[in-house]
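One chain, chain A, appears in both complexes that follow, with chain B as partner in the first and chain C in the second.
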Partner chain A sequence: MFNKKSAVVFLVLTLIVALLAGCYGNSANVTSGNEPSSSPAAGGSSAGASPSASASAVAAPGSFKQSPFFDGKSLPPVADRLPKAPKLTNEVPDSFYKYEIGTYGGTLRTVRLDPVNDADLFIIQNEPLVNTPGMLGEEVTPNIVQSYEVSDDQKQFTFTLRDGLKWSDGVPVTTEDVRFAVEDVIFNPELTPIFPLWLKSAADETGTPFKFEVVDNLTFKISFDKPYGGFLLQLAWQGWRGYNDLLKPKHYLEKFHKKYADPAELEKSIKEAGFAQGDWVQLFTSKDLLNTEATYPKALGFPVLSPYVLTKTGDVIEFERNPYYFKIDAAGNQLPYIDKLQSTLVQNTEMVNLKILAGEVDHSYEFLSIPNVPLIKEKESEGGFKVYLNTLHRTANDIHLNLTYNDEAWRKTVRDVRFRKALDLALDKDEIADTVFYGFAKPSSIENTKRNLDEANKLLDEVGLKKDASGYRIGLDGKRFTIPFEVSSQFADFATLGELVIEQWKPLGIEVTLKQIDAKLYDTRNKANELKATIMFTPGPVQWVREQWGQNIWAPLWDQWWNSGGKKGEEPPKEALELFKLIASLRELPQAEALKKREEIRKNIGDNYWYFIHSEDIAAPVAVNARIGNISDTGWGIAHNFAGEQWFFKS
Partner chain B sequence: MLSYIGFRVLQVIPLLFAISVIVFIIIQLPPGDFLTSYVDQLKLSGNDVDESMIMNLTSQYALDKPLYMQYFIWMKNILLHADFGTSFQYKMPVSAVIGERLLLTMAISFISMVVIWLIAIPIGIYSSTHPYSPMDYAFSLIGFIGLAIPGFLIALILIYTVYSQTGVAITGLSSPAYAEAPWSMAKVWDMVPRMIIPVVIIGLSGTAGLIRVTRGMMLDELSKQYVTTARAKGLSERKLLWKYPVRTAVNPLISTVGWTLPTLISGEAIVSIVLNLPTTGPILLNALMVQDMYLAGSFILILSVLTVLGTLLSDILLAVLDPRIRYGGASA
Partner chain C sequence: MSRSYETSSQWRLMWRKFKKHRLALIALPLLLLLYLTAVFCGFLAPNLPETRFVDYKNSPPQKLRFVDEEGKFHLRPFVYGYKMEIDKESFRRTFTADTARKYPVHLFVKGDSYKLLGFIKSDVHLFGVKDGNPLFLMGTDKLGRDLFSRILYGSRISLSFGMAGVALTLVFGVIIGGISGYFGGWVDTVIQRLIDLLISIPTIPLWMALAAALPRTWSTAQLYLGMIVIFSLIDWTGLARVVRGKLLSLREEDFTMAARLSGASHARIIFRHLLPSFYSYLIVTTTMAIPTTILGETALSFLGLGIQAPAVSWGVLLKDAQTLQTLAHQPWLLWPAAFIVLTVLLFNFLGDGLRDAADPYK
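Take a look at the complex of A and B:
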């Protein structure tokens, strides 16, 4: 019995650490780089006109080189495998590091805790149609497509595929593959019962679905009936989106699609896969590969455009380089530099650390947490690795009070902006940065940065929260005012911060309690509007285009109202409605203008203290083999991960 | 005897049915299902989750069907096609997930068991024949330590000591060079030294327990009159010991075969997690945590079948070995 109990405790601890690490992805120069005037599209609303020239003008055909890995494998010459205009790699901005021309070879080893998902490999494998150097940089550049064009009214997007671009099995990519993905999958109500929000005008629930038009073998148009300037970022980076939604290998998938497959053959495949007779939808979904599924067993044999192709699944997942990958470096070398990827399943985060210390891991950003950095750093030279302190691509643990919780006295109090300001003033953000982040963060500039208890107490007096004999404040309903934090046990730092907040709000006379609950229970209670107060990270303050500024946590009912077009939930008050509108307007604007709007969002939050964003520039430690080149500690760690095809082993 | 066995086998059927139902219900008790945790995970890592994908997966995993239908489909496939379903987590058939790890798990468990018996029984006998001697105290002390300290803690201490003293990180059962190599003598030899640690750790608490049990049983037996009689009649001490009291004292070993059989398969989950062993134990724990219900359900079902079979087996073995039980059993 003792063993079992300990097992549970141990597992929970392990899981916390794992997931804590999971949330440390990384973050970039967004805060420092908000000068919209330097953006290429600053001139007006016509962003990104024909930015393809740079890619095609680089290396003349014939001067391309391939990895020795392919020598003697009876493949067509490398020049024929590359598209006519290969892409000159530009995954990260020049400011991150000086690009070195790499050398071929080697195996990149990673570790994972999930049976089939490896975040390191997923990000390396992910290829969007267009990309933005540094993950959320200030420009959008063509990636899989050779060029794109946006109409002046931000409604029409024209994309041209690279001539000669091929799937990993050598079959050319054409607009027929796009048409298949759009007409036969997205617009097929059986395969896509709910139309994806991001493909409606301005990603609005009430918007109309996009219109699709094939111009020729390589060009296609996507148009919306309302301005949707954010569409390019939707393609480039939102939701870590890959090409897979709009581009599917028709030659592979058509045999599982009712419209194309021979009925008898199809029925045979359905039976083999173990689905009910006639259930081709399930067969198709079980065969079609989404970008998040790059490491799944079904990726074996599935034609891809990513740098590597899956060759082995199981406890050890292996990838080999894609002979038809479309990127080159300035010297004409076909990317990637590293020949193979290998991901090993381990049982717990401590084992990840041990493997890093033993030098058995070449890259790990998912499982390293700030508290572990001293230990790992100490063994850097022995283990032959290096710890890069990149930035986290989101906040780590913001403080939310539920403004729409069903309790009149509570609502009246927490909806009073003076109350929220008082709580914010009572937070010692320097102490949070030191205690929770070991100094690897600084107080966020969105709200107050300096603690002021006197003013905070004065504000609370004004709100009408009187103190009782024992020094605690009484709520408007005559009972002691209590803030009960319920935090997900998934992330250890939530509880660390919670403990600290209890202490920091004590001088206000406010009783604060803290309870850790299971992640799934947290989710259920959050959705049911049952959480009064909690701690959870939000991407918004860092990945500003994301519409996730925690609205679904600090005001679930308002968020529901907004998302359902007023059918569900409750209508938000004026200031909140303004914020919702500001956030939504980012979707319609081209990037340069969106950057300006971002300032307005920050100001709105700074004025209203909707939730407490205490820290920014949070470090995300990444452990990397010291011999790997083309990596640095500038920008989000996840951005470097994204540019994995540029890494190489120095000899 | 045969009718006894037949009766016991028949008894097993409703028992297994009940177990399978309870298992299936308990796995589904926590809020949400596998997809909720899967979708949450995707959202937390910042992925856009397509509503259609969730709907498609729900129907693919038959999670949209009522509980009894899910159970019915699962059972039907097991009984008719020996198909335990697909693991949501691994996206592979359950049998493949478990099968991959079974050989190693059984090897570790079996070796540990043999080691336990080889060490514990002689020590137990020695302790009982030399009670309250310095050696008995020494063994008792070690035994109590082994019982009191959980295996995973010893594992952690061992990993730390080995790493800090030698710089060698014990990160799995085979060294990286052999991890993916096909089975060969070289690979087995590479594994043997690494196997010592899990075997020692898993064996330690078992050994400690068994020493205490053997010692206690032996002391009981040794003080019985037939021992005195045999000794009085001049039977050699060695023959006396091995022929009578020891045979009685090993009874508990046989009656616990019922529990030994499932542990052969399940392995020591926590020790495996700490030592990063690719055995089946951690899979079960993980499956339960994310509600990978066919994997967890099938696994527990297999364990239950083995427990029930093991108990049956030990009953029969006991009946064969111990006439006292045989007479009682025959009348039942």
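Take a look at the complex of A and C:
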């Protein structure tokens, strides 16, 4: 029923757009959408792009265009809704695809398995203060802010907001919103009992919190007492930060904040929301929208800066375009091109596949796995969708042995680098790539051993693991040495890999067992240091700026020690400490040096086999409507997802 | 009727009656065959369940051929090797028979070594191809393992599970039902209400809850035993009711009174005098309970709550077959389902025949 309706709406919209395009005569105008940008890699003081210059170079004021969706909706003209210097979109580098000026209209349909969270839409909605095209981390460009400046010593960061930037309800964004987010939320111990690590000097537990200064209505400064070169990438990338931590709509949230709200009104709101008397913290938290909550019911009515605004929740979540969105294309069209988003809740991944096959999904990244690609691909022409094989922005399933598990004999064995090397030598990485990834991956270049069972067995003999009568190796405690894998049942490929590893390690005489456990149980057991061996992906090997090289999985206690500044957990040995320092040093360094440091991390892991990274260049399939433009199979799938505001439906 | 009929023992009469049930008569030897297969799976399977043919992942079944590509007939059957290609367009693996590689099937072939019955070491397989070449009559799974061999090995857990589960059920059922029926009074009331309670809980969720409660650190053998206990804990109720009902009526009979008067103990009366008078019912109920237990194990393993890979049972094998992908491109992965259907049907036929035979005087 709904589909028919939306199809009609879409048809009408397409017609209007086609007519308009004819009038303006810009339909064939194809140009790259990159704004002149500065790179912190150059080091030293690097001012952001001069916004007025870039804007005028692209489109003279007054020639901005809006979607016909807004026609007759009694809104101010589009030029007044956009900031004085709108952002010329640059979500992906030119190497990904040649940017096409799109046409307005249509609804993008997705599916999700979580009642409130749609990962595909959440990524589209994510808008950081500064961004890095293609998520590559190679250059940092202004996004929500108009420009930024980094001091020579990498300690002070100055940001200037776009003049005339407005929340989705039309209220201007000023430094007062930043001051509110910083002073009244981050530095409010009631709302933020644990100060966020990434806002301390060099994201170090022992570091001091940042200093904040409002310069004028549009400019603010963030400074640290130690160099923090990685701060910009923290803003652009780490953990899908978005703008939400440093920029909050004060005019919406102040009525839930004790400092600003009228006590009687506040108490009334608390009562209405069903919280205990005086519990304004709970009330505020329930109203404030975090970066990860873009599709949550509380986003209804919450002023945002993202391309879309939530209009309906429930099993079907709907978004409409944000009239005040700050991005334009080179022809002066206000983004996004697609008018609406719609996310439907389904039972399981099989349903996702069925929906894709029926042509009822316009974009699905999160739940499509390689084994399903042939099936989806088969129906490509009938279903009107297309499967792109991009690359995965992380590894898929690394093998971890817990080096800090509480068992002396186990520790002594697995902490012996010869033992870990032996296990790595026994892995047949080509077979893994072929079986687990259907050939859509390459053996990793970090730990690049070729399978050699003789050498592996020799190493194990050296470690002192003798074989018993039945050919199994005996541990240092005199009992049979067993590696018990417990893997989360959330990802089917973990078990496939596990079964394969059991067989590949069998010629070493090592008993390996495999158990699938619930995802929640996996979490608890991992945090409690109860997992001896497991399989889990890590972003570090692929996204160089990320600090997650699985330390919390292959050495939970060392990781705790490091993150708590030595208060919890156990102190890592020298070689491991070196790795932890290497990884942390990425945050302090300016980009060019950080990229070099990254090689040292790879080498350290390659020499020490802390955990087994068997594959790289893993394919990430994504199924999209065949008519969607501005998408390609170059780069990470997630980077294309992130650039969702640039998509449009070709007629 | 002849005189021999009148003087025949009860068991002989039952056998006669049973023989009249055609389906049951066919089911009995077939079931025996299935169980023998499970016992001697190492010898009967051409491959080990964990042997991987790395070039043959998700490969369709090989055809057993007698006529080669030139139309010549061979008395010794053979299979062709497969050539695997990944279609660059559709990303599918396609397998085509490679007529250049012909592998004749031999009897009593030397292959991978296994332990028959768990202790006799051997490397002779009933049939197979030589030199470790691939033979998979029912195709392979995603790791390139022979499905036929895996089904045979899987039958060990699946088939024995039914037997072992029901044996334990029988013990629980007879003891608790016996106590309830023989003693009567408040003991009976308590036990009967407990049974009411147990019956009222929907079985699958209860199984799932109990199975989820089994410690995840347990080994496959422990899990297996744990699951048997779970099934028996729930399944004994039906049997206990039957036993109780029978005992309630039998304990009023004269021969019970006679035994009691001659000073026989309770246990002796129950097990020597009362139980033998309804053995036949017990056998029928038990036979009918076996397929339910087998299906239960399959269901739980299918849901990932029971026995887990790398252990093989039919349920575990079917777990691989629950995706859309399987139905579309690897339908041979559904073979274990055929074995389950066959086993359950055979047990139902047998049970049916036994029920007819149970009361030969009717």
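Assume the second predicted complex is superposed on the first by the 593 of 651 C-alpha atoms of A that agree within 3 Å, B and C clash if a C-alpha of one lies under 4 Å from a C-alpha of the other, contacts with A are read in each partner's own complex, and residues count from 1 in each chain.
Keep this in mind: a contact is a pair of C-beta atoms (placed from the backbone, for glycine too) under 8 Å apart; a residue touches a chain by one contact, two chains touch by 3 or more.
Please read all numbers here as calculations on a predicted model, not as lab measurements.
Colleague: In the superposition on chain A, see if there is space for chain B and chain C together, and answer fit or clash.
Modeller: Once chain A is superposed (C-alpha atoms), there is room for both chain B and chain C without a clash.
Colleague: Between chain C and chain B, which one touches more residues of chain A when both complexes sit on the common chain A?
Modeller: If we count touched residues of chain A for both partners, the winner is B.
Colleague: Name the contact category of A:240: first (chain B only), second (chain C only), both, or neither.
Modeller: A:240: touches chain B, not chain C.
Colleague: Does chain B (first) or chain C (second) touch A:358, or do both, or does neither?
Modeller: first
Colleague: After the superposition on A, what does A:296 contact: first (chain B), second (chain C), both or neither?
Modeller: So A:296 only meets chain B here.
Colleague: Which of the two partners, first being chain B and second being chain C, lies in contact with A:496: first, second, both, or neither?
Modeller: A:496 sits against chain C, while chain B stays out of touch.
Colleague: After lining up the shared chain so the two structures overlap, which partner does A:569 touch, if you call chain B first and chain C second: first, second, both or neither?
Modeller: Once the two structures are laid over each other on A, A:569 reaches no partner at all.
Colleague: Scan A:521 for contacts with chain B and chain C and give back first, second, both or neither.
Modeller: After superposing on A, A:521 lies in contact with both chain B and chain C.
Colleague: Please work out whether A:315 is in contact with chain B alone, chain C alone, both, or neither, and reply first, second, both or neither.
Modeller: The answer is first: A:315 touches chain B but not chain C.
Colleague: Under the stated touch criterion, which partner chain does A:347 make contact with: chain B (first), chain C (second), both, or neither?
Modeller: first
Colleague: In Å, how small is the closest CA gap from chain B to chain C once the two complexes are overlaid?
Modeller: Superposed on chain A, the two chains' closest C-alpha atoms are separated by 9 Å.
Colleague: Do any residues of chain A touch both chain B and chain C, and if so, which are they?
Modeller: Shared contact residues on chain A (touching chain B in one complex, chain C in the other): 350, 354, 521.
Colleague: Please output the residues of chain B touching chain A within their complex, sorted ascending.
Modeller: 30-32, 36-37, 40-42, 44-53, 55-57, 59-60, 83, 86-87, 89-92, 100, 150-152, 159, 163, 167-172, 176, 179-180, 269-270, 272-274, 276-278, 282, 285-286, 289
Colleague: Could you list, by residue number, the parts of chain A that touch chain B in their complex?
Modeller: Contacts found on chain A: 2-3, 6-7, 10-11, 14-15, 19, 22-23, 25, 114-117, 119, 191-198, 238-241, 274-275, 281-282, 285-286, 290, 292, 296-298, 313-316, 344-348, 350-351, 354-355, 357-358, 360, 382, 393-394, 490, 518-521, 523-524, 539, 543, 546.
Colleague: Chain C touches which residues of chain A in the complex?
Modeller: Within the complex, chain A contacts chain C at residues 350, 353-354, 371-375, 377-378, 431, 434-435, 438-440, 484, 486, 489, 495-496, 499-500, 502-503, 513-517, 521.
Colleague: Report the residues of chain C in contact with chain A in the complex, numbered from low to high.
Modeller: Touch list, chain C to chain A: 50, 52, 54, 57, 86, 89-93, 142-144, 216-217, 219, 304, 308-310, 322-325, 328-329.
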